[in-house]
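Per-chain numbering from 1; labels A, B, C, D, E and F assigned in written order.
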Amino acid sequence: MMLFLSSQLNTYLIIGAFLFACGIYGLLQHRSLIGMLISGELVLSGASVNMMAFNRFLAPDPTVGQIFTLFIMGIAAAEAAIALSIIIAVYRNYKTIDAEDLQDLQG
Amino acid sequence: MTTELIRLLAFLVGIIAFAALNAAYLVWVERKGAAHFQRRIGPKEVGPYGLLQPLADGAKLMSKQLLIPDGVDPILFKIAPLMVLVPAVMSFVTIPFGEHLAARNIDLGLLMVFAFASINVLGLLLGSWGSANKYAVIAAARVISQNIAYEIPMLLTAIALVMATNTMNLNEMVSLQGGGFWHWNLIKLTFTASPLTPIAFLIFFTTMLAETNRAPFDMAEAESELVAGSFTEYSGMGFGVFFMGEYANIVIGAALTTVLFLGGWQSPLPFLPNSVVWFLMKMYVIIFTVVWIRWTFPRTQFYALLNLSWKVLIPISLVNLIVTAGWLKVF
Amino acid sequence: MAYFNELYSGTKSLFIGMGITIKEFFKPVVTLQYPHESLTMTARFRGHIELVRDLESGGNKCIVCGMCQKACPSGCITGNGEKREGVKGKVLTEYTLDFTKCSLCGMCVESCKPAAIQFSKDYNLAGPSREAYIYDLLKRLEEQK
Amino acid sequence: MGLAKIKQALAELAVTETIEVSKTVPAPPAAEGEEQGKPVEVKEMIEQNMLFTPEYAKKGYHLDVKVTAENVARSAKILLDHEFFLESITGVDWIKENQIEIVYDFNHWHTLCRVVIRTRTDRANPEVPTISEIYSGANWHERETHDFFGVTFTGHPDLSPLLLPEDADYHPLLKDFKA
Amino acid sequence: MDQNLYSAEGLAGVVFLGLLAATVAGALIAVNAKRLVRSVAGLSLCFTGVAGLYYFLNSPFVALMELLIYVGAVCVAIIFAVMLAEPRAEEKVGKSSGLGSLFGVIAGGLVFIGLATVSTKSHWSIAKTKINTGSVTELGSSLMTSYSMVFELISVVLLVAIIGALVLALPGRDKE
Amino acid sequence: MSADVIDKSLETFVLNLGPQHPATHGVLRVKLTMDGEYIVHAEPVLGYIHRMHEKMGENRTWAQFMPNTGRLDYLAALSYNHGYAMAAERAEGIEVPERAEYIRCITVELNRIASHLLWFGAFVLDLGGFTPLLYAFDDREQILDLLESVTGARLTFCYFRFGGVYNDIDDNFITGTREFIKRLRSRMPMYHDLVTNNIILIKRLKGIGPISQEMCRRYGATGPVLRGSGVNFDVRKHEPYSVYPEFDFDIPVYTDCDSMARYMVRMDEMEQSMRIIEQGLDKLPEGPVMAAKAPKILKPAKGDYYCAVEAARGSFGIRLVSDGTNTPYRLKLRSPTFSNLSLFAEACQGMLLPDALALMGTLDLVIPEIDR
């Protein structure tokens, strides 16, 4: 039974979906920019888990999923770096990281 | 099934015991070493040569109350020491102490050590942020910049080595260095390693000091500036576990240096048998050097530390990487 | 070029430093293992004061002139004497030193004309309470017999 | 920097009608100066070139100037212009005369010349203008003097107790203070 | 399954369950924690779990990279940002009021249900043999052959990100 | 100078450095307003060990105050004894025999070396190097042994009396001092190799914590702090007292104004002190060590007197006001580090915390002397 879980594609897909949904929920529910960034990372890792699962169970090329995941990592790292520097720049100028307080940014 | 479980548990216990024993006795080595560098005697009351001092220290720390000050984040505060200790212990899994003496001979051993070592920073960070102390927070900010700055040259030198040896399996890496000390990566006299490897060794050693927060790079602790840095609010076993984690990290660093550059369990002369003894001897020489350095130098200034990394270590390790690549291409 | 020069000289200075400490490592220790060994105090060591035994009479030499009390900056000496029949001058009946106040300056010994007080060589001073530091020097002198 | 120039500059600030001449001023030709506190004409003093110059070997300083409280800052400025540095500021409580004396010690790096500036103020309501704008180091010295004597240095940025506890409302160096 | 590493299947199962729990718990902490630091701690827990899942998917390299990059770098960077931007730990983390939260729950729930349904109801043609051998060599060679262009691009992206981050963060020092 | 000049737009926090902090060497508290690790504003808070020595002086006889002077700066107590003894002698007009003056100079210089050695060790400890402290202590203990054999105490010597010294020195002391100087001479290159030339230390001190001459003047800084800023001012040369004119020695002056300069001044001063001691031992005349006519009870004439000596940390001045009785009417102690510390707040603005601590280390603070 236990082994059954780890060798089932569905387990991974559901976990992936769960992470993705958590990310979506967090994005909607968090007001602070850093919270949103964290949720974004969750969305990305949900996608990665899916990629890896397909890579293991379905894909014709045994490396494509892994490479996708590695690229996602690269993108995520870049995204985190950029997002954080934006957050810091925003914080420096507006003294807040609350997205709803940043009305000035509009227009 | 049961035998497998027992084997697993035996390994686990063995590793934890080794890590804990080494970490504890490293404290003894540190104190004794410091004493002799300063022409004192050091611990001498508990047991012969003060050998039972670590136990006494441990007992003392355990009997002390773990104070949780007001305003701290209690969960993070308690978890953080474990986050420093556990990954360090995990890293021991893949270290080849002898030819057949490794808990797991993993193909990606080197990567695994680095991966787990990187968690250490997170533990320090959460601990210092969680303890809601200004000194700790300053220390945390330092730890981040320091670790990021020094991870780069460390990985670069390690990658150059991986390129030269064509493996990330630590045991295999040691095997490749067999046949006398002139085959060690440090001074490989064959044409398979680039001539810059001794410099790479120095860089690796320096970064190892920095990554393990050892003097002269002990920014996180910096007792004369930040009181006790990240550990300011910790007492009792919380502090003890942090301390163990730090020392376990040093043992890992020393072991890794031994494996990568000093031929691990290979004997220095071809006619002597290979044995775990060689590994331990080399590792303890490295550890002694670490202690020696600590009790010789003043602490670096923070920007000097970053300058050293960005202006000296990273360029040189990049050059080393390129030279190694060229070397491999030519020979 | 300056970059490499600094790199070279800097690294060299580090190795020189390490050379010095390793040399010291193998030199004998210079510390004294205190509870097991202890120092003998020099002849002029200024410990707390004690009364000097008068070798002729076996008692003290104090003439109860009060000079030590006057000289003491912190007022930690209390001495009293009384007139006794058949004895020339006053006889010391009480001589206490409140060591909690004493600053070990030695003014009292200096001011003592008959050299009736001297410094003890006692430096392991510890006690459970403040009262333990109020020394009855007369009693001490008796006990020393 | 000549001693004479400083003398000249400070003489103009010195209390015009009276100058306290040290008891030990060289006897001739100002034999009348022997008596302490005897008023002497400034002009006369300058002419005799013995303007409040105590005997250095005896007193430890070269010039001793008494000024009114308003002139403290100006004399400090003169001394700063002549590159003097401030050694200390302190007070003396003359309880019998019902006055508090503020004493400023100045010294010079390159010439052996110690200058003492004094001023007196009423004991009941001691007030002296600050010189912390001129000599930054005076800030703490004045705070200390305020702690010990209760002298208010008008214009001082922060006269909160420096050495005494934060809530101290007593001034221990006043002669009528008994612990 | 890599029989060398986990020959005891039951143990592996327990570990797997633990990893699942870590992933789920970590994700929940990350989105629900009151304080940002705890969110990040949850995130790192979640990533550790995910790294374990990757290991079970025969990709130790990716698993370790996940640890190295996400836990060792991304989480650390986020905590750094939290430290810079949230100096007072007591300050509440902005959470949307009831409506936003409800909306979030509904949206998240719908996404989860939808995706889960799709993935469970679909008929995947699961390969009978183990496709992924976990070989780093293969990964490396395909990275350098079929996907070399993407590899280059991602390097460029990272470079741009580094420069961008520097540019954004620089003006702060000038002000002093 | 007050807190409200701080730019409110900066994200700052207040860091309490002390009263118990490893780098403040005693109970000094510095309220730092920090922007990250940069110091925006510093405010030293003093008085934690204030003992009101000046009031004590007013309540004691002239002689009884002598032990107090050693407790101001317990690391260079003899300089303070010397200053007070000289001030009282000046007031009373006591001539000190020449031998006593030589003994005073020799012991004061020994004490100065001891103080500088301790500073050296503690300073390197502030910078994170522990071992040099123990080496320096090893040497310092030799000095203290020597001084103890003469004065009877190791820190609060209380050795000088009005009119001379308490005890004559003996041959053991003379040979011991000569040996010690030989020993320290051989150890100085070791200190320089281990610490001074160390690249880490150079990086930490060169150009760090500049203190300009103009700032020194405004704050009245003296001693090695001033000499590190390129001003050749040393009371021993500037206002020669005792038998210092008899000695041939130099005043080390460095013009860089940075922490390294102040460090070097102190290191060189130790060498110069050794020169003075050697000459003093060579020239030591025979004779009494107490003035024959020194009165037991002092009653100086009315008036005020000023006397300054060069203590290990700068110019220690003492102002005595006598009303002709057997107690001082007013006794002002001008401590050098009080002035030196007062410039810290201005000097450390905009510095990084570790640099500020290096700067504070070079000020060589002894808190009891500041708080008095």
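FYI, a residue touches a chain if its C-beta (ideal position, glycine included) is under 8 Å from a C-beta of that chain, and two chains touch if they have at least 3 such contacts.
No experiment lies behind these values; they were computed from the predicted model shown.
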Required minimum of steps from subunit A to subunit B, each step between chains that touch: 2
Chains contacting each of subunit D and subunit F, listed by label: none
Interface with the most contact pairs, given as the two chains involved: A-E
Chain whose average C-alpha position is farthest from subunit C's own: A
Between subunit E and subunit A, distance of the C-alpha-averaged centres to the nearest whole Å: 6
CA centroid of subunit E to CA centroid of subunit F, Å: 60
Euclidean distance of C-alpha centroids - subunit C vs subunit F, Å: 25
Length of the line joining the C-alpha centres of subunit A and subunit F, rounded to whole Å: 62
Residues of subunit F whose C-beta touches two or more other chains: 11, 13, 131, 135, 138, 194-195, 198, 200
For subunit C, residues contacting two or more additional chains: 14, 17, 20-21, 24, 30
Residue numbers of subunit E (touch at least two other chains): 10, 61, 65, 73, 80, 82
Sites on subunit F touched by subunit C in the complex: 60, 63-68, 71, 131, 135, 138, 145, 148-153, 156, 158, 166-167, 190, 193-195, 197-200
Interfacial residue positions of subunit E with respect to subunit B in the complex: 5, 7-8, 10-11, 35, 37-38, 41, 44, 60-61, 64-65, 67-68, 71-73, 75-76, 79-80, 82-83, 89-90, 136
Residues of subunit F touching subunit D in the complex: 1-2, 46-47, 50, 52, 54-55, 58, 87, 90, 93, 215-221, 226, 231-233, 238-239, 301-308, 315, 317, 319, 321, 329-330, 332, 334, 338-339, 342-343, 346, 371-372
Contacting residues of subunit F [partner subunit B, same complex]: 13, 15, 21-23, 36-37, 124-131, 134-135, 138, 194-195, 198, 200-201, 203-204, 352-355, 357
Complex interface listing, subunit B residues touching subunit C: 33, 35-41, 44, 292-293, 295-297, 311-312
